[in-house]
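Below: a set of structures, written as structure tokens.
In the two assemblies presented below, chain A is common to both, partnered first by chain B and then by chain C.
What follows is the complex of A and B.
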């Protein structure tokens, strides 16, 4: 295995173009080194992106939203006050990843590209409307995060490409968001079920679902929901959660996941709606 | 050409790492972890090797002042950076934090303790007056098979109080 630490994006993309799936990009390494250790991956090139000087900054605030570069760690994300204020679901989700030491290395972009169906940050990014920029020697293109995932460990970012940024639009005024996750233990465990919710000021809502399908899922309702109307909320939840297709694995049975998805889904919606109300009152 | 790549053998890397304040040159195959570099090449065996996949925290060190799992960092990634291991926390003798671990009876078999101490030291440097939930969150990546968590948390609390001058 060769280690390469390019200083330019062009150099990194050229190596990836030449080596294809024999090369692996590296940022935090918290998934990559586990793969090396278990020989589930055996790259002949490691391309470390941390020395590149012309990639987008870790985080940039713009008029339209925030832009996150490939080297933004989850630790930096958790500590970022603008993220906490405007994208609370993402802050909460990032805080559930691994442990302090994991978050000090792991990158948000890496969490996406690893493409685990249980990736903690993805449900939040889905409901927050994330757009991903994928670059290769052939150029750059953008895809919505909802279209980014193809299946377990498979994305639209093929082996010769890099995700160079994630864009999140500022949420519409009054929108609230929240994230809920169930694990067997707090630290260093993968999510058994995770749900992110965004609720707009007039009661339209979207849910992002993790670990209940072959890839992270999203569902939304276009019509406003009266959250004080319990039967209506239950019907909407039925409809939204219908996309889930959980399986039984080492962490939980299908039935348990289905039951807990319902519980967490409602909690996430109510928590998101609560934040929305507070913002209106303020 | 990466600065860290050795000239002759492309599979071997040579890194200059500041370990506990001293510049060290480490030559290792590219796939070797920082943990292996510290223990097997530099002989700093205070950092423990346990799960080697980022689950247990026994290998926690400070990389440029931040707590990381050294099993999840390539040795060559530390080229040009600063690493502090448990051996580097004090010139001689235990630190106040290590003393409080002993005072609290937080050390049973002792295997997880270097990692616990490094995570706790990182917490106290970044948050000198942590609440109990904050201490538990900070140490949630460090497993203790003896189950000594309550005393470990107490030791961290005591150290925070001591550093704040609440004791003689």
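What follows is the complex of A and C.
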């Protein structure tokens, strides 16, 4: 196995183009090293992106939103005040990944590209309208995160490409977001079920769902919902959660996942809506 | 020689007022342990060592039809590929109670992960490549993986009958049973006013030492073997290897680097015999470092199903208690039959019960061999018995504290009656009351919260032998040779403290040598929380021996008649003054210098005919009280307060007592809340590894974790101490179960109390409630 630490994006992309499946990009390595240790992957090239000088900065604030580069760690993300203020669901989600030590290494982009159906940050990024940029020697293109995932461990970023940035638009005024996750224990665990919610000022909402399908899922309602109308909210949740197709595995039964999706979905919506109200008042 | 139980006065006498004993002396080797400085087995360097990897098959039970090693053996760097055929025939077997475990699987795989071949290669990569190249031809057998399967008529027999030809139960999977009974059951039932009858289950759990461990064997130039293995019982390992390889004991030297956590799992030999044969065969140093996954396949606690029927008077006095307990042990005996016998011996709990009938069985299955695990069979029984007390209390309108107050034995009162009675060796009610007070038993409860209280008891060692040497050097520093394995409990710190007080040497000038059978005298084992009592007594004896020798030599050197001298801890008493012992020693030694060597022995002989082989040297008694908040929508538990109180005799090092109690409390929450080894229909472990086998993290620790000790200086160990390392997990499950029941109104009788299990129980109760006709 060869470790390569390019200093330019072009060099990295050239190696990936030449080696394809045999190469794996490395940022934090928190998924990569587990795969190597358990021999679920056997790359001959490890391409470390941390030495590249012409990739987007870890985080840039623009007029349109924030831009996150491949080397942004989850530790930096959770500590970032603008992220906390404007994208609370993302902050909360990132804070559930692994432990402090893991977050200090793991990258947000890596969490996406690993493409686990249970990836903690993905439901939040989905409801926040993330757009990813994929680059290869053939050029760059952008896709919405909702279209990025193809299935378990499969994305539109093929072996010869890199995700070079994630763009998150500033949420419209008065929008609130929140993240909820259920685990088997409180510290360092994979999500049994996770839900992110974004609720707009007029009551339109979207949900991002983790660990309840072959890939992270998203559902939204275009019509405003009166959150004080319990039966209406329950009906909307029914409709939103309909996309989920949880299975029974060693972590939980299908029945439990379905029930928890409902509980967490409602909690996430109400938490997001509560933040929205506070923002309006402020 | 001192018998730690019968010795009067207690070894070491009363604690010294200003001594090191009783102080929270900093852990010996503690800084290295937490800073990465400590060298565990995997950190030791063996230049030129060959690496070993094991070949397994992905089934729990199968006949091995053939093993083709030809391709693997030809791979570069491969030194040997060894199967059972390459070992002496018949393949040697070993074990603690039964010699039933083959060095390598022979003809049949009896549990998932049992090695069928071993590769020795120049590098680990080469060894692993060769493992993949070994072709094993096998046929799956209808293995038994649960109690019901193992006990069904016509069930597959885990062990061939030829392994135990003289055993009348050889045609079943019951390896051993135990029966304890006393009192007149019929008469007791006559005066019974309430009966509760339930079934409880306790999961298979694995020890999960943070250091998986491994073994390195070095063939010596003298034809012997140096065996490196982080074990709790180096001398047992020495005996096992010597006997299997037909070597004299002095040709087998066991080095036991500090285990990084043992919990009972590192007591008995596992792969060391195989590694010894490999080293002997290849004449190379052979190194095997286990993965966490491999430790799951090498050690676990027996699961258990307890059927319990308990009678009470209206006032809450227990009238009778019937228990049928089946321990699901693994494919080989290891020490599991004793776990069953010892755990069920105290199955009735520390209560005054007129009539008891306990039947327990150790049931073989095609799973990881179960072995000793902190608590040694008691936590399983306590889960059943403690839950029964709460079931009775609920029927009678009592609370958990009241029902225990009514039944707990007083000091000197028998809680096991009949031919081999056992009596309370402490004022156990003090622990119960203290725990109730600390948990705020009578404070009002917030919504969705509940409290539970439970007690647990475990017999300490029933026989033992610890030998120790202490050298007092010319400059007043000292070296202790004590074979106790320090796996995190901090045993060496206690030897430092004892020597400091007994010889008057500063604590930091005492060092301890352990983990080397070639240099350190015999110690039977590091188990059953015995070391403080047994090795501690031996160290005190060795110090007393040194004091006598100093007195004699001082008399000889100075001409002062020995009759005019006396010695006490830390001092030599002359006619006109008390001399610091170290000063007296120097004067006695004179210009030739030299040193004093003291020997101490602590021996507890067993008692023939006793079902446990002898009376326990002491009992560990604990009371745990838990307050929990349950999320009724998700079933998640938040422990708001967790109190553990132990009856410790005397705290020799308070911070170490707290550390042991906190560790055991958290470990108890593991099997109570989240831990379970899950096995599929082919006997494969479904949650093999850290990802899906969950142990508590620091975020899972209760909001308030409180431990306290009752000290009555009434133990058989140094200065009135008792062993304390297991108490705080004995009854965790019972306390938590009762707390959850109070919080939710729903009783769960199967461990662990996972969020999903609690949620399911709440949902089922709600469904029953809505289905039931409403009371008018």
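Operating definition for what follows: the second predicted complex is superposed on the first by the 282 of 282 C-alpha atoms of A that agree within 3 Å, B and C clash if a C-alpha of one lies under 4 Å from a C-alpha of the other, contacts with A are read in each partner's own complex, and residues count from 1 in each chain.
Quick note on the criterion: a residue touches a chain if its C-beta (ideal position, glycine included) is under 8 Å from a C-beta of that chain, and two chains touch if they have at least 3 such contacts.
For clarity, every value in this text was computed on a predicted model and none was experimentally measured.
After superposition on chain A, the partners chain B and chain C are seen to clash. When both complexes are overlaid on chain A, the residue A:173 reaches neither chain B nor chain C. When both complexes are overlaid on chain A, the residue A:18 reaches neither chain B nor chain C.
In the superposition on chain A, contact is made by A:182 with chain C only, not with chain B.
Applying the stated contact rule after C-alpha superposition, one finds that A:251 touches chain C and leaves chain B untouched. In the overlay built on the shared chain, the residue A:5 is in contact with chain B alone; chain C does not reach it. By the touch criterion defined above, A:259 reaches chain C but does not reach chain B. In the superposition on chain A, A:150 makes contact with neither chain B nor chain C. Of the two partners, chain B and chain C, it is B that touches more residues of chain A. Shared-chain residue A:190: touches chain C; no touch with chain B.
In the three-chain superposition model, chain A touches both chain B and chain C at residues 99, 186-188.
Contact residues on chain B toward chain A in their complex (touch as defined above): 2-5, 10-11, 13, 29-31, 33, 52-57, 60, 63, 66-69, 71-74, 76-77, 119, 122-123, 137-138, 140-143. By the touch criterion given at the top, residues 99, 182, 184-190, 250-253, 256, 259-260, 263-264 of chain A touch chain C in their complex.
Those residues of chain C lying in contact with chain A across their complex are 633-634, 636, 673-674, 678, 686-687, 691-692, 694, 696-700, 754-756, 759-760, 763.
Taken together, the chain A residues at the contact with chain B in this complex read 1-6, 26, 28-30, 33-34, 36-38, 46, 48, 50-51, 75, 98-102, 104-105, 186-188.
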